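First the structure, in the form of structure tokens, and then the observations on it.
Chain lettering (A, B, C, D and E) follows the sequence in which the chains are written, and residue indices restart at 1 in each chain.
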Amino acid sequence: MIIQEIFDGLTLGMVYALVAVGYSLVFGILRLVNFSHGSVYAFGAHIALVTAVSMGYGIVWGLCASVIVTGLLGIAIDKISLEPLRKKKSKPISALITTIGISYIIQNGLMIVFGSESKWFPKIFDYGMIYIGNVALKSTQLGIFLVSVVLLLFLTFIIYRTKVGLAMRGIEQNTKAAYLMGIDVNKVVSFTFFLGGASAAIAGTLISGYYQIVNPQMGFIVGLKAFSAAVLGGIGILHGSVLGGIVVGISESFGVSYLGGGYRDAMAFLILIVVLIVRPNGLLGKKKVEKV
Amino acid sequence: GEKESDTVKVALVAPLTGDFAEYGTGFDNAVKLLADEWNEKGGVLGKQIEVVSYDDKNSGEEAASIAERIVGDKSISAVVGHFASGVCMAASPTYQEVGIVEISPSASHPDYSSEGDYIFRNNSLINVEAAETLKIASEVFDAKRVAVLSVKTDWGTSTSDILINDLAAEYPNLEIVGHEEIVDGTVDFSPTVTALMENEPDTIIVVGMYNILGPFTLQYKDVDPDINLIGFSNAYSEQLIELAKEDAEGICLPTIFFHSSLDEKVATFVSSYEEAYGSIPNSLTAQAYDSMGLILTAMEKSGSVDRETIKNELYNITYDGISGSTTFDENGDALKTFNWLTIKDGEFVEVER
Amino acid sequence: MKTVENKTLLEVKNLSMNFGGLKAVDDVNFVVKKGEIISIIGPNGAGKTTIFNLLTGIYSDFGGKIIFEGREIQGKTPQEIVMAGIARTFQNIRLFKEMRVIENVLTGTHTNTHYNFLDLIFRTRKFRKIEAEKTQKAIDILDSIGLKDKMSDYSVNLPYGDQRKLEIARAIATNAKIILLDEPAAGMNPQESEYLLDFIKSLVGRGYTILLIEHDMSVVMNISDRIYVIDHGKKIAEGLPTEIANNKQVIEAYLGKEEEDVA
Amino acid sequence: MNKENKIHSIYNKLLDKFEDSKKLRIIIYVATLILVIALPKIGLSSYLIRVMTMIALYSLLGQSLNLITGYTGQVSIGHAGFCAIGGYTSALLNVTFGMNFVLSALCAMIIAGVFGFLLGAPTLRLSGTYLTIATLGFGEIVRMIALNWEGLTGGPLGVANITRPVIFGKELTTFNGGLFYLIMFLLLIVSLAIYAIVRSKMGRAFMAIRDDALAATLMGIEVTRYKVISFVISAMIAGLGGSFYVHMVRFIDPNTFNFDISILIVSIIILGGMGSMRGIFLGAILLISFPEILRFASEYRFIVYGLILVVMIRFKPEGLLGGQIRRKYRMPSGVKGGL
Amino acid sequence: MLKLKNVHTYYDNIHALKGIDLVINRGEIVTLIGSNGAGKTTTLGTITGLLKPKTGKIFYNDKEMTGIIPGEIVKRGISLSPEGREVFPQLSIHDNLRLGAYTRKNKKEIEESYDMVYELFPRLKERKNQVSKTLSGGEQQMLAIARALMAKPEVLLLDEPSLGLSPNLVQMIFKLIKDINNLGTTILLVEQNAKMALRVADRAYVLETGKIIMEGDAKKLLNDENVKKAYLGNL
């Protein structure tokens, strides 16, 4: 039983991790809490739904279309609403509220176009169940796990091993200096938003394929919890997001068993607050050095 | 003396946007459909009927604000509306205080109708419906070990509470072996499935709408394909079959409205609804349709559009609608009879008793 | 004419501080007497700012002793240290950017403004009297340092040199006995440095004691009663300005050989 | 000079006039008072009075959040949690013990303040985003507890049949304008208190912490203590707002004060201008009346609402009345040598 | 080579530059002096595109480059060591330098530049992996200059390079300015240490409250009585 709970939690955790990586990515570069990420994730899922089901191209093309369209949406969000704020050197909180405004627009736009009801979504990685002892593991769970790991490695590679990754980190720390280094800040930021959007699309498609259900509100609570997961792990640290996701997932799974389903959504936040009190920069976060 | 106007106004308040927009839109559609039908036949008391729609987003605050607005508009004679009980109850004190009839097609909170004599519901009381699900468990599935999954809303909590603590005792052959709760909007049921499985139930009663019953069915049948599932009337929706596909086969639920019913009135309603809006109405939509019918009939019978007269008349009428024959008890609660439905070959059919 | 009382105000004994493997401050001793202007000089990265950080309680985990007015500073919080009478400016300016110039100075008076919550909520007579008093004091300080005209400006909009002055004004407002100035003349032109120099001297006349870090030798040599020289965390020399200017080791490590500008 | 600056400078000039002339000030105050008293009496529909009541309530909540976010610089997106605590406290005391508004509101403030302390003390060491997300978590946890602790809160059923405020034996309703007078009175008291705090040593400490916590420490300001104080005061005001609200709508359930409400409050202060008391009123007026005005747009309403947020912030990120004020500093009376 | 024509720059509604005309010829060292708040930093900010002039034009190699983004300006060969150092605080010294060479492609030449700056500032080499936030003020200043050099610019703009440096390093910096100028780099130098600046410069401009009030041969200005009185001090 406990093992089953852990496995349930792990999968759920990877779900959060997939979404959390997108939060972390944008936060890591821009110090911006991108509240629209949850609705961008729902948007990605709907694009995949349209391409795969309504237009009948199947899930693979659905995923591809979703990655590109959602990535572009990411860029559009930045160009239209956030870039002007960067120019005016506004406070981070203004940008945060802007992203909330964006998420209203996207979520309600989705509702108008698709209706607010839940819709069926085709299953992915469907190779039945895998039994380890009497623990049941769905092949979809395994698929999600693998994709998360690959996505994570890919993003980590970009950020820590490439020149554009160095530029991203530079922008985060000192935008003015980044300009002076000849970095085309807006392009790099757009690229970051593309990655953020694309990762949301991947997450949206995979997770919808796992639960076989999509609706315009799907991003909200997952978004909040994934965000907590990202902070829990140490926001801006990509593998921290994965760890945070897993911790949240497993604690939820146990929370359901021992406290009842009603407390389920509280678990993520409870763990978050407890961890932050003990480790103010998250599980993997390091204290920023202060020099006076 | 106000000037006699040549229209009769009825307000419709429901979530037309937001997470519950599908239900609210259904209300709005149904109410307007009925008004159109009456208007074609000459309206009520010789006046044309006008539906004034308000969107409360299923938020108590919005609802209260809209209620103030409605009661202040003297030309409005009655209100159909508010979706969730909690939202209804944020608005009903205002309706009661000023004195205007509110009929909710969906409120099920036990306390709702006791807010006052102007407050009605055209929905069965939760204990009645809960008793039906147990009857299904016992008679259709011959269930021995029943588990309950309930959504953590006012409706889900009160229903599961009555089901487990009051009603189950009437079925000695049947044991309640587990109860799990989930919050609305949940899509991942794996920990819940794991917890429920532990008690090895043969039947699960799901106190939740189609968007819970659907994905839950998928995820539960993945691990135990033989489970019997029972839902409630608000899971009665084509969307349920759409979401759960083949896994939906065999799900049973009680409802006061059945769209493929042989009843002629129902058939006409379903076909004109489908023609007008391109979708099949669900149970709550039908109840909204009848709520409007009740109000209009009360006006016609009493010969007045006065707010108080309508109220008094409602306690006296018997209305033969598409959700069965309706009368109100002294609380303003509707008394209803149920059909049992199951899903067979991708369609809802009546259970043969 | 200023008077140096022969009273030790601040004494530092065997002060040491490590960052990882780096000995940023290594067994440093020095003494500051009341009414003195003492300079600490030394190459970049010698550990000067770190000494200031230790004196003001920013790092609490260090070796050695700091004794201020006969009491040890170790274990005291930065607040307690300010209240005991040590105030400072920062090498990298740290003003309250979105506050006005005068509000920055008023913030400096925080520890010596005494009224309670009820006073402030009800704006009692006492409250109004103290507020007026402190505002007056802030204006006077700004006047003396030449920022009175700009007291309504937001500090972030001031030019660099004025920001430095404002830092000093804010430190003075704390009523500290000793003021630690970390490169106050950086970013000022010679004429302004000269003005600053006069100002610092006038502070001593008003009873303050000054500990100064500065790379501008025209300032240091002109103003200091005594100079300590730090290199690689260690004290390598101390003495009167003239002694230091001619100290071979100091010239080697710090001043540079062909320095012609030093008077 | 562009147009925006012109508007600003006219505004500033008016304010200068206002502040310099005692006579003008008194005239305006009295006029406002008469207006407020008259509003419910001039035959406005109860709907409009209700909207105005909500504007006043959200101004109060905005002032409360502005204290920690605008002045102390601690961004909270879980403020509705404090409203909920205040609301439940009041609701339960009223329903169980029949406590009247005055007492129950007082208790609500105290309990909310205690929670402000409990949340503030351990989490205020957190910086920036970490604190923000902790407050989000707090808001959600409060909601979850309200949902699950059925024995106390009634769970999803909520608490119903709360009585309206009764003051001097008179029941205050929307219809008799009583609720409107009450909230205006509370708003006045709260605004005066916050103004007093801001224009004092304490307010300066808050702002110093916002701008540079370390430098503030070295000015002798006990950073954590002041942060906690601002949290507690803010939580108390939010609790008061929550209490008023439940006595007004006479019902509370776990969704009454949800995340959307927290966000609405933050949006009000961002739009109005953080750290500007006048701005908050403006923000509340705009954000509460927009959805009402936009009702005709029905399903597009939220999109329009989102657009308004995005566009307003885009063109005025510091808020309508926020940012640096290009006016001279207002000296306390009795100071010579001011400019 | 670099030409500013009647440039006006504002901060919101603060008129900081009131019509600056300035010419820098290839291979020159030009210095800009003036008291606090005169607009020196603003001038450099306007040249590098960080600030947009309201009116006026900037030409580089006879091509107009008013309103171009800073990234492009760096690519064209202008780099700045800014006031206030502006290092990337959480990156190591080495990563800071890598970003300095962001616009350059030739790996080998970049390696040579590393060698050069590390040789100039041995302290930076020693601390290659130290997070730059923890460097002392002077060390950060060295890093800012080194980073500007990493771009291998045609025109190097220096905003108070000697700020916070010890006297021997100040001498070293001025020598360095001469040296890289001899290697063909054009230099625009902003300095508070006007005496030193005028000594190394070929020509100079004197700025006062956003206007150029004097210009000419650096050595001449060095002996100008007014300049002496206002900017050189008498210590």
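The rule we apply is simple: contacts are C-beta pairs under 8 Å (C-beta built on N, C-alpha and C of every residue); 3 or more make two chains touch, one makes a residue touch a chain.
Note that this is a predicted model, so its numbers are computed, not measured.
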{"item": "Reaching chain C from chain B through chains that touch each other, fewest steps", "value": "2"}
{"item": "Pair exhibiting more inter-chain C-beta contacts, A-C or B-D", "value": "B-D"}
{"item": "Centroid comparison with chain A (C-alpha atoms), farthest chain", "value": "C"}
{"item": "Where chain A and chain D are represented by their mean Cα positions, the distance between them in whole Å", "value": "32"}
{"item": "Between chain B and chain A, distance of the C-alpha-averaged centres to the nearest whole Å", "value": "36"}
{"item": "Chain B and chain E, separation of their C-alpha mean positions in angstrom", "value": "74"}
{"item": "Mean-CA-position distance for chain E and chain C (Å)", "value": "29"}
{"item": "Residue numbers of chain E (touch at least two other chains)", "value": "134-135"}
{"item": "Junction residues of chain C - those touching two or more other chains", "value": "49, 58, 90-92, 94, 157"}
{"item": "Where chain B touches two or more other chains at once, by residue number", "value": "17-18, 21, 152, 183"}
{"item": "Partner chain E, residues of chain A touching it in the complex", "value": "163, 166-167, 169-170, 173-174, 176-186, 288-291"}
{"item": "Chain A contact footprint on chain E (complex, rising order)", "value": "48-50, 69-75, 79-80, 82, 86-91, 95, 98-100, 102-103, 131, 133-135, 147, 151"}
{"item": "Contacting residues of chain B [partner chain A, same complex]", "value": "17-22, 152, 180-183, 185-188, 190-192, 194-195, 198, 210-211, 214-215, 218-219, 222-223, 239, 242-243, 245"}
{"item": "In the complex with chain B, residue positions of chain A that touch it", "value": "1, 4-5, 8-9, 11-12, 15, 108, 111, 115-120, 129, 136, 138, 211-213, 215, 217-218, 220-221, 252-257, 260-262, 264-265"}
{"item": "Touching residues on chain A, where the partner in the complex is chain D", "value": "27, 31, 33, 80-81, 84-85, 88, 90-98, 100-105, 107-109, 111-112, 224, 227-228, 231, 235, 260, 262-263, 265-266, 268-270, 272-273, 276-277, 280-282, 290, 292"}
